[in-house]
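We call the chains A, B, C and D, going by the order they appear; numbering starts again at 1 in every chain.
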Amino acid sequence: MSQTVTEVRETVAALHAELTRYGLVAWTAGNVSARVPGKELMVIKPSGVSYDDLSPANMIVCDLHGDVVEGDLSPSSDTAAHAYVYRAMPEVGGVVHTHSTYATAWAARGEAIPCHLTAQADEFGGEIPIGPFALIGGDDIGKGIVATLAGHRSPAVLMRNHGVFTIGRDARAAVKAAVMCEDVARTAHLTRMLGEPVPMAQADVDSLYARYQNVYGQVAPPPAP
Amino acid sequence: MSQTVTEVRETVAALHAELTRYGLVAWTAGNVSARVPGKELMVIKPSGVSYDDLSPANMIVCDLHGDVVEGDLSPSSDTAAHAYVYRAMPEVGGVVHTHSTYATAWAARGEAIPCHLTAQADEFGGEIPIGPFALIGGDDIGKGIVATLAGHRSPAVLMRNHGVFTIGRDARAAVKAAVMCEDVARTAHLTRMLGEPVPMAQADVDSLYARYQNVYGQVAPPPAP
Amino acid sequence: MSQTVTEVRETVAALHAELTRYGLVAWTAGNVSARVPGKELMVIKPSGVSYDDLSPANMIVCDLHGDVVEGDLSPSSDTAAHAYVYRAMPEVGGVVHTHSTYATAWAARGEAIPCHLTAQADEFGGEIPIGPFALIGGDDIGKGIVATLAGHRSPAVLMRNHGVFTIGRDARAAVKAAVMCEDVARTAHLTRMLGEPVPMAQADVDSLYARYQNVYGQVAPPPAP
Amino acid sequence: MSQTVTEVRETVAALHAELTRYGLVAWTAGNVSARVPGKELMVIKPSGVSYDDLSPANMIVCDLHGDVVEGDLSPSSDTAAHAYVYRAMPEVGGVVHTHSTYATAWAARGEAIPCHLTAQADEFGGEIPIGPFALIGGDDIGKGIVATLAGHRSPAVLMRNHGVFTIGRDARAAVKAAVMCEDVARTAHLTRMLGEPVPMAQADVDSLYARYQNVYGQVAPPPAP
């Protein structure tokens, strides 16, 4: 296997620490994957393994149909959904799945999160949409994710009665979207508990989204510390 | 004492760290126990001792009537309830008790948690049931747990005006059930605060439960790190 | 100064870590004090000093009128209230003050926390009462605490529009009461958000309180780890 | 560059740890700046850099129009707002921006936080006001902050549909205001969820504010640990 797979193993193992840091996951219920650039491969968490025990060595390498190429353990039970997204959306380099609490509460009601915050306009460009209910075990979840997110600004979808899937140009961007999705879901929940948000003009949402996608952060990524 | 008791002491002492990690307990109000395989013994937390101070050496070994066999300290004041469960349910290898906040709020209202999430269907197979109010100090709590959970899919019961008891094939499984019970209780609470969940079909709940019990995780447990 | 003062300095400095561990305090807004056994002295946090910077050496020793006996810094701005409690209640060995969030919300509404949980019956023996609004800077807060708690089972009082004061036979017991007060306040809040708690019989509350005060924990304190 | 800039770099880098400690920020969405005393310079966080990776060396030095004077990275995308505040309010030595959850929920509804807590009277002297909606990228946010806070007791403003900006005589004071703003916003939210707060007399609010600004803490700052 190439160096590239080695690096992706390291990235995927390490990024799971962001899911626990931000409280997006309980026990083993959430996972990160990344596409191996230039190959028909992805790297994903093993199923049912504690976040404390993840390491580059126990990440699972699968092909884009979810079949294991390297690894002694079974891959995440959500592997089929990740794989479907990589097959259908070539621009996607990373996928994250969580049941983060506030976002999942919106998903349980089947309600999209409307956009009343500049932070949501920045990252999601408008509402965070609802995807269909789908059973695990085949391509249904993957199809629901792709049908909802293809052509949508939002990198996050709330799968009904289930939880959150996010996508990104790489795994780090997908993790960021998962973190921001829960942050926005919580703020929107609290806002609504005591009244109604002040509406934002669509032109302002559009302007914020355009700026954030192009101006925020560093032109080149900052050097590693 | 056999090696087995030594190992169970280690497991029980260590698993209490999951109760604090997930915020399921305040001060000393929660405990884990495990059956010693093949013996009429259980290992449980000492009463009123801080989680920081737990070690394999200060765990208490009791018989299945709650009488101390090994240990200098008094066992958990919930020992009688744990012991009753081990006597009545031979398939149970671990018991956990917490007053985790969201689950206890459902318990205070005497409301079962209805199943509107795939994560709840996976782990609990449907609703998380309410058990009776019972006073500490005899077999009443144990009887209430067993009467509620015997023949029920759920490994967790919400004891009215009190808190949560969970069971598992071993102590780790019971701790997982306690973690997931609070996670599900919190999401269900938040869902209901702003409306009603979309119902899930019973067939979907059944399908998810069947799959999770048989397919999730590793066929054999992953090697320790 | 005697060894005793040295030990009390260590205890009081260390116990502040429980306030931050349980999220009871923001910035520097909360404090622990202890009576020095057998002396007309108390040890308390210095005013406005970060919890990270507390040590036995920078604790302040005051007489029971709040005048500094040892220490280079100003004592907590709540010193007068602590001192009043020690003067009026000779059985009290420790006092804690916080603005912990859920308890303070009940205090802001001027509502006592009714007892619908076994954990509250255990520790508080019934409701957690409301004390009067009182301005800082003299004996008014101390008088309000004592007037509310004298003869009451509860070691915690919710001072109106302000926050929580707790008492105990020693500082550790007062800290425990502060931790359990917030835990109970949060569970009671969540309970009420979706309906009404099932009432508990007064006889059950009495029975739980009597048992917990006499049976819970170790007959002698467990040895330090 | 002078020693002073070096010291301000250290202070600003270190203070970001308080934003994460108190959960005021998600991912990279929040920033601290400080004026360099006696110079027309400010030090601010680089844009889009993780809090884990901040160090004195990668802080950005800007002039008071937001143009970079020292630093290899782009400054925070909120630099223009910070700079405007320093230009317009010479007494301000530090500025903080967060999207802390509870405060931002009040901001999304366009509601000021009314004062019903002694802690709010102490730090904010009354309500925490709402500022206008303003788009990022020019002086509009800065103008909104200054128009709201000039002549107001509160060091915090809730910018509509956006988040919190706080000011202080130095960066530490602005961070404290950001911490206390979220603490007060959360308590006020919880209070209102189950009823109405008991009103506080304006004279009491005034008295608390006057005392806290003059008496709380140490006459001279305590020595560093």
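Couple of notes before you dig in:
The rule we apply is simple: a contact is a pair of C-beta atoms (placed from the backbone, for glycine too) under 8 Å apart; a residue touches a chain by one contact, two chains touch by 3 or more.
Small disclaimer: the values here were computed from a predicted structure and weren't measured.
With steps allowed only between chains in touch, the distance from subunit A over to subunit C comes to 2.
Subunit B is reached from subunit A by a rotation of 90°, derived from superposing Cα atoms (nearest 5). Both copies, subunit B and subunit C, contribute mostly unmatched positions to the interface they share, with under half of the numbers common to the two.
Distance between chain centres (mean CA atoms), subunit A to subunit D: 31 Å. For subunit A, the set of residues touching two or more other chains reads 193. Residues of subunit C that touch subunit B in their complex: 22, 116-119, 176, 179-180, 182-183, 186-188, 190-191, 193-198, 200, 204, 207-208, 211, 215-219, 222, 224-225. Within the complex formed with subunit A, the subunit D residues making contact are 26-29, 46-49, 52-53, 55, 58, 73-74, 77, 99, 101-102, 104-105, 108-111, 133, 135-137, 160-163, 189, 192-193.
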